[in-house]
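Scrolling down, you'll hit the structures one after another.
Below are two complexes that have subunit A in common, paired first with subunit B and then with subunit C.
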Partner chain A sequence: MAAKAQAAWTAFGAAVLVFMLSPLVLVVFFSLAENANATFPPGGATLHWYGVLFDNADFWKALGNSAIVTLSVGLVSMIAGTLAAMALARSGPKLANGVIALITLPIMLPPLVLALALATGYSSLGLPLGLSTVIPSHLVFTQPFVILVVYAQMAGFNMAIVDSARDLGAGSWTIFRTVILPIIRPTLIGATLMAMAVSLDDFIITYFTIGGGMTLPTMIWGMLRKALDPSINALGSLVLVATIGTSLIALRLTRYRG
Partner chain B sequence: MSDPLLRLRNISKNYRETQAVHPLDLDVERGDFVALLGPSGCGKTTLLRMIGGFLPPSTGTIEIGGQDVTALGPEKRNTNMVFQGYGLFPHMTVAQNIGYGPKIAGRDPEQIDLDVVRMLNLVHLGAVADRLPAALSGGQQQRVALARALVMRPSILLLDEPLAALDLKLRKAMQDELKSLHRAIGGTFIFVTHDQGEAIDLANRIVVMEAGRIVQQGTPEDVYRRPASRFVASFIGDANMLSAVRKGGEVEIGSGRLPSPGPDGPVLVVIRPDDIALAGDGPLTLAGTVTESRFMGPYLRLVVTLADGTAVTVHRPSGAEGAAPPPMGSTATLGLPAAACSVVAP
Partner chain C sequence: MSLSPALRRGLGLTPALTIFGLFFALPMAYLLVVTFWRIKRYRLTPDFTLSNYADVFGDYLHALGFTLVIALVIALITTALAFAIAYLIRFRSGLFGQIILLSALATLFGGYLVKIYAWKAMLGAQGSVNLLLINLGLIDEPISWLLYSPAAVVITLVHFMLPFALLPILAGLRGVSEAPLEAARDLGAKPWQITRDIVLPQCRGSLFSAFSLAFLIPAGDYVTPRLVGGPETFMVGNFIENLFVGRMNAPMGAALAFTTLLACGIVLVTAHWLLGRALTPKWGR
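Showing the complex of A and B:
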């Protein structure tokens, strides 16, 4: 009886897993299949749809935009996030917890509400929509990741190390460069990659704040509305690989506790 | 007194409502090995951190070698500190840790290498020069911290509970090492400790602190033999405290009187267990009954209960003169040498 129940639960778990992961598998599968309708039977294996994608001028434009947004968001998140985290670590835990609760509010909000708020905000300020509004919008929800991760390390940072460096004659900048940065570097890179992965993926907030342009996710959305072309699957597969890749590196690095 | 190396005048520190250190003066001579001794929260670490420049004092001035350094941060003071958690740089090897200060100071790289090797030899760490701190034992990390501070040739070496993290055996070994280091380089050391045994063993001057104030300072023998207060007497070593009354500059105790200038009123007579003679025949004697007798290894610990119920502890060397310890329940007459008695406020 117990064995039967055990088997049933295992089967149920497997079914849930298949249901959750099979769409991802299918995206990759159909991106490599000949069938132009992305349905079964798939036909033979081909890289044709990747060719179609690469011939699409919109793809390159979207890729360029995504690269600009992702890299800018990564860079700003890293620098501003580190500075914020260090300032928080230096203030008391009470103040730090309050500030962290406040700045993580945007990632607790439904993205739709945040997107709407940002779009309304920009239009009321009279700012033209474009990449210059997408980047700060992304920072609103990527920044908290970096601050949280770096703060977690800085809060537990052995301050005797900083005191020692001061005692041995180092000024603030030298301490940061020779002692703090080398110790937190893996965390910093990991947190930045996480922020970049989240930014690369984002659709809703980008869609509301980009105006006429497009990034990879908004381009996919646009293509989907026209037809279910397998080159979308090719694009989806590429985004998937990029996101999973950076996330894996990020996880690996942030788990490092040298 | 000649010119002290370190001169604190009217130094105090308060955090909002709490006064961590009350205004105090302290002089430290060149070559001194000073212990700041007191229970946790007595302000000793705060005082050390003010000397090192990590905390600005609320009032007062700090002079080192005649120069006012009150406003200078630790990076501009010729003091170096060995921190309680050592604060070693985890991403640098032992040699890089030691070479960090000289490198920042812009010393000649070849000279740095020589200095690092010299320090490695001084603290016996030559074999682990290329290891990271995480690969070292606690005692080795402690020695790296010492070497890293000493390579800066500080005019004063500050040590914050330097041995607290080590186990007993290692602590004894490091005490010996610290003493011989102090002898070898002839520097001025100030260390913070709550361990009275460590203070007596290492320091040539003990500064006893209580609740943000210096309550006594002097040689280890001074503070042990002539405690200035009930607190010092109970904090350092074992002490018998006998209630007595002072009248007209004399304290009546047992069979005799002890000259003691001061106002009339109740006092405590402090005497160490090892200063009391078992078969007393001097002017000051106390009669009682032996109620406890324990063999403690090098000495016997006896408790003699007086007629008024006061328990007096007496230590006598266990190998002394072959005399058998007095049996339990027997009467004993304790002799108190007047010179060994201190009279303090109750």
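Showing the complex of A and C:
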């Protein structure tokens, strides 16, 4: 009876794992396969589709734009998010929970609504669309991740060591640099990487706020709308490797386990 | 120089709140105002009319109802599945538990578009799902309704939302203390009785968080129905996008967007009430 139940749970676990991972595994698999239709039989192994992708000038433009957006968004999210998380850690839990509920609203709503609100706002102000409108639009849904993760660490922070440092005459900046930062640095970097992964993968907000330009996800969208382009699997694989790789490093640094 | 603690807190929150105010609160408020405006010669013109809402109720109520039903199906399947997985990780700690958790965390932030088009490839007549079913001898011919159907939208969005639903539920299950479970077991309660009467009531809050997210995001999605839904599966997000981009009618698109958010809010309040009633702890009786 117990053994039977355990076997059923194991089968369930295996099925879930296949369901979760097989779409991603197949994209990477077909990016390395000769068959241009991405169907079975796959044919031999090849790097041909990566070659096609790297010969495409659009790819390098999109990669450059994605890099600019992701790095800027990561840097600003880190600063704004950490400052906010530290301020919240020193506030009462009531105020902190209120601010967190407010500031995480952008990640709870369907991105289409925010995307259209931003696009309508920019167009009414006559602002030209481009990377300068994409970056602030990303910040609003990346900073909550930094705030949540850093706040979670700061909530368990031993404030007595900060007080001791102050009693010994250290100023605020010295305390931050020599006492707080060394302790929270892994969490801070991890949280920033999460924000960068979210920014790098964003399609909907970017699509409506970039105007004519292109990032890696909007390039995927363009390829999906045209006739079959087998190098899409190569591009998809690169985006997957970048976002999953970033997330794995972030998980390791923050020791976040759900 | 010494700042008062309150001022220091205020300064720390300023950048984040400024970003939130300028790029979320303000545009959303503006979009709400625009729902009362109209379009004259392709330009937004200030006005105070309810005609956009009247048009939404006249033309899009059917699409809205269809979208809410699909989103509800997705949210229910996702929450139930996520609970079962979280239960596996928390109480069974089998071989797959930790691998599933790691996979969920690693794929949480990546590949929204890639996941959708991967399902498009997998669910087609030549796709790997049909191929697998044929090779297993379960079917003779490819199932044609797997792709370009509401079923495809449900499968794709359940897959996308699953990691997001799993994490809050797992956090909720980790908060369930061991002592009452052991007591119930010692008194002869069956696992399903323990789950129903002790575990589920204690993670009501996290179940609702997971359900809300798995409902709201699909309810406003337009990319998934566009890519895998086919011509029959138009969800409200498709109409909103078309009103803004195709028909350049921002006021009506905005009115449809806010009507959708309001309808979602009503569904969630109802769900919260039902969940509270269904999962009231039973040990007091």
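We take it that the second predicted complex is superposed on the first by the 236 of 258 C-alpha atoms of A that agree within 3 Å, B and C clash if a C-alpha of one lies under 4 Å from a C-alpha of the other, contacts with A are read in each partner's own complex, and residues count from 1 in each chain.
Simple rule for what comes next: a contact is a pair of C-beta atoms (placed from the backbone, for glycine too) under 8 Å apart; a residue touches a chain by one contact, two chains touch by 3 or more.
The model shown is predicted, which means the values in this text are computed figures rather than measured ones.
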item	value
Fit-or-clash call for subunit B and subunit C when the two complexes are aligned on subunit A	fit
Contacts of A:Asp167 with subunit B and subunit C, given as first, second, both or neither	first
Touching partner for A:Pro182 - first (subunit B), second (subunit C), both, neither	first
Which of subunit B and subunit C A:Gly236 touches, first, second, both or neither	second
First (subunit B), second (subunit C), both or neither touched by A:Ile68	neither
Vertex subunit A; arms to subunit B and subunit C (CA centroids, nearest 10 degrees)	90
Partner with the higher number of touched subunit A residues, subunit C or subunit B	C
Which of subunit B and subunit C A:Ile249 touches, first, second, both or neither	neither
Which of subunit B and subunit C A:Ala155 touches, first, second, both or neither	neither
Which of subunit B and subunit C A:Thr39 touches, first, second, both or neither	second
Shortest span in Å between Cα atoms of subunit B and of subunit C, once chain A is used as the common reference	9
Subunit C-contacting residues of subunit A that also contact subunit B	258
Complex contacts: residues of subunit C adjacent to subunit A	5, 8-17, 19-20, 22-24, 26-28, 30-31, 34, 44, 81, 84-85, 88, 92, 94-97, 99-115, 117-119, 121-122, 126-128, 131, 159, 162-163, 166-167, 170-171, 174, 212-213, 216-217, 219-223, 227, 237, 240-241, 244, 250, 253-254, 257, 261
Subunit B residues within the subunit A interface of the complex	52, 54, 73-75, 79-81, 83-91, 100-101, 104-105, 145, 148-149, 152
Subunit A residues touching subunit B - in the complex, by the definition given at the top	158-171, 174, 178-179, 182-183, 258
Touching residues (chain side subunit A, partner subunit C) in the complex	6, 9-10, 12-14, 16-17, 19-24, 26-27, 30, 37-40, 76, 79-81, 83-84, 86-88, 90-91, 99, 102-103, 105-106, 108-114, 116-121, 124, 136-137, 139-140, 143, 147, 172, 194, 197-198, 201-204, 217, 220-221, 224, 232, 236, 239-240, 242-244, 246-248, 251, 256-258
